[in-house]
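What follows is a group of structures, each given as structure tokens.
Common to both upcoming complexes is chain A, partnered first by chain B, then by chain C.
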Partner chain A sequence: MSDDFTNGTEIEVRGLNLWYGTNHALHDISIDIPKNSVTAFIGPSGCGKSTFLRCLNRMNDLIPGCRIEGKVNISGQDIYNKDVDVVDLRKKVGMVFQKPNPFPMSIHDNVAYGPRIHGAAKKEVGGIVEYALRSGALWDEVSGRLSTSALDLSGGQQQRLCIARTLAVKPEVILFDEPCSSLDPISTSKIEDLILELKKQYTIVIVTHNMQQAARISDHTAFFLLGDLIEFGRTEQIFESPQKKETEDYITGRFG
Partner chain B sequence: MTRTQYHNDLDALKRNIIEMGEKSHRLIVDSVKALDSRDIELAGNVVQRDKEIDDYDLKIERFISQLIARQSPTAGDMRLVTSCFKISLDLERMSDNAVDIAKGTRYLKEGYTRPPGNILKMAELGQEMLRQSMKAFDTLDEDLARATAREDDKIDRLFYETQKELIEMMSQDRSMINNASYLLFVIRYLERIGDHACNICESVIYMASGERVDLN
Partner chain C sequence: MFPNAKTNQKIAFTLLGMAMGLVVLFILIILYYVIYNGYSVISLEFLTSMPAKRMTAGGIYPALIGTIYLIIGSMAFALPMGILAAIYLNEYAKPGKTTWVIEMAISNLAGTPSVVFGLFGLAMFVKYIGFGPSILAASLTLALLILPVIIRASQEALITVPREYREASLALGVTKWQTIRRVVLPAAIPGMVTGAILSVGRVAGETAPILLTGAAYFLPRLPESAFSQFMALPYHLFVLATSGTNIAQTRPIQYGTALVLLMIVLGVNFFAIAIRNHYRKKMHR
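== the complex of A and B ==
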């Protein structure tokens, strides 16, 4: 966990403000998220961490009354530029949600769905599905039953399928919004191991309510409170010697 | 405030360290008193009381293991817990030094009156360093910890002076060899007590600021 990151910045956010109607939900957020590393967002409910995560692939565009100001550059591209194709953006910046949400179709078709709509050739699809399921640490468990329904998988397997589905379109960044909160400890460990493996190739951002999970798997941690980014630093520093009292109070359970 | 039981446990841990510190302090005071007055009975009592300190050490270690296993302390709490683990070891070692002084007192030969005055000065300095380091621990006072650690230089100087004095004593009067060689050990034990007090000061600074320093 103590690799020396000299990889540079993948996601650069400057002066980001977000309003839901008149509610000013994010205040002037600036942060540099390093490439090929795991960055965790922590903070009490309602602090804005998930809202901020959703800014990184423009998921908030879908919410009526939501207004955003500021800059978000991902690998050099301003993602809020009017020329950006949001479908392409979400291919580049994939997302895995709290509750596994496989499509009501076979395991194979779940993973093949993305590559197909992005125009993958028919003969390539089988290879992509295998690659994605292997990368998602699910291949060994499902290779003999790819045509069965994804809904028959366990919760942990469904979540890894959702990760595989994200990997199938070869993203650069993967956003995880509390990916383990509905999983048992063993499935949680498998997802955590997988995230550590995936950071070699992808930039990972994870929102988690489980502070120990943030401590275990992330390289950098950002603490949010009431729409402000209070502190951002290397995870070992945040959990050993936070600089801000609010961070200390939150991670030691004195509030929240 | 949430996690009430956890915070009560952290308070209890701190309280146990302070109690252990007080008991170690009394043990050191009595061991030197027994040496100074050749009180064999008091020296024997010091040796017996060491078990109490060992029990504290064990109790604190178990307490810390449970806290880590069940509560996953972080940030300032984690620094408190890991520092308590180290401080408990330092206190236990200091008490062992007191016991060593007491054990030797029982073998001092008759005819020798009092140890050189420097030994008592070293002991006073060591006792005061322990008292102040525990006060710094209790109040998380970084400045007091640094000031206390600086006192160790005085003990070190007295150590070298007294060592010379004792060697001279032996070379001038062969009948002093038994007692003076024992006193050479005593000054080493007292010098170590100062070092352990310094370690406690280092732990206090880490607890207070997260900074790791070498004050020895």
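== the complex of A and C ==
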């Protein structure tokens, strides 16, 4: 499965199955996610890519009636082990959601939220906020108005704020769940550029409906269909010479 | 009814408008009546002096103070209990039999007649626990009376906090309780404050619960402690209206008392609306 990942493997998934009640939504998924690169999950609506993404930081735990079997190893540790501290896991594996969801607070407080709760000293907070906003490509636009409400920002800015908020917690992995689907093309391209920058330091997994986006920014791509992982490989290979027929049908637009 | 949809709409809106007009009309009539008959006695002196000459003269100071004590006392008990109960029900409770029983209990509490609360307060706080007729006993009784209102308002406020805020916080490696304390609660405060302030109006005006738990016809001094008896505006009004011997003299005082009570309730409601609007703007909703 892994084709000699340059930086090693960050996440190893073996035999992951998920049920929503009696609905068997994910079937025996096994995949290796490489470190410090961008991996895209593509597939038609309802194929399970977002569900699978949310398994990686155990956000599916919040859904009543959701049952998971299988192993997900991140940095060598199975995150579904009984002894694992879920709260700690989510510090290491951050998530950016489809619709930007800044808190109804100032820009500064949004970014400072995580660090403050995790015990950052008062004098460090300002520095962390600036670092996170710079890394999130938002500093230049908001440095003069950090105390204004985050809800006054545009959609694209809010999403970059959410990214900065996640970066402030210093994760190792960042999960993006269709981050640009509610944004205009210019904001989308800003965020895509940002992701290409971020992959130098973080492992990025992005779920996207937009195949061109996957082709533009990802190093590896995984194609999902009806709860199965159909194919996974280097992005160029998936798009130029897909091995499975279903993959080819989806790529060429025959469905989805 | 009629074939034309536009006519139907016009008729519906007219009927609705008339219904609303009727409601406003009644409120205005009551207000007018009370103000007309009561304004003559209103003055700073009226509010700050004791009743005199067997209630045929003087002011309503002790009743005013008593009512204020009751408001503070009942809020002190009902607010923390109600808000914490709402947080438990909305954020932690799993749907099931226990939760259903709790919700039933709250609904029943909401529907219980206020005189029954008075009897309960008498039996429990005055007699059994032994507080005696007192501000404490009455405050606890009133707290139970408004508890369902506060729980419901707080629940509503918590429900309207978008799920996205909770998700975003949890995804940052923050515990559930921290999320509630730092994101959900602050966002729910406007609704909770509104519920609380509306309860103030209720507390100010209830007579039956305090009748049996410590309200006094007349006291020469202000209550000295939480264990003292007290006077209160609604009971004072009742007393003036039913046991006075000189109607001509007490009537204006009755209306004056009613006016003060109304002004408290109206003032408090306007305050609640102002706070709610202020926070709504902050939350962009």
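Observations on the structure shown:
Criterion: the second predicted complex is superposed on the first by the 251 of 256 C-alpha atoms of A that agree within 3 Å, B and C clash if a C-alpha of one lies under 4 Å from a C-alpha of the other, contacts with A are read in each partner's own complex, and residues count from 1 in each chain.
The rule is simple: a residue touches a chain if its C-beta (ideal position, glycine included) is under 8 Å from a C-beta of that chain, and two chains touch if they have at least 3 such contacts.
Remember, predicted model here, so these are calculated numbers, not experimental data.
In the superposition on chain A, A:254 makes contact with chain B only, while chain C stays out of contact range.
Contacts of A:240 after superposition on the shared chain: chain B is touched, whereas chain C is not. One of chain B and chain C touches more residues of chain A, and that partner is C. Judged by the touch definition given at the top, the superposed model places A:97 against chain C, while chain B stays out of reach.
Once the two complexes are overlaid on the shared chain, A:133 sits clear of chain B and of chain C alike. By the document's definition of touching, of the two partners only chain B reaches A:215; chain C does not. Chain A has no residue lying at the interface with chain B in one structure and with chain C in the other.
Here chain C touches chain A in the complex through residues 94, 162, 164-165, 167-175, 178, 182-183, 186-187, 282-284, going by the rule given at the top.
Within the complex formed with chain A, the chain B residues making contact are 1-3, 6-7, 72-79, 209-210. In the complex of the two chains, the chain A residues touching chain B come out as 211-212, 215, 238-242, 247-248, 251-256.
Residues 57, 59, 62, 64, 87-92, 94-95, 97, 99, 101-104, 113-114, 117-118, 149, 151, 162, 165-166, 169 of chain A are the ones touching chain C in the complex.
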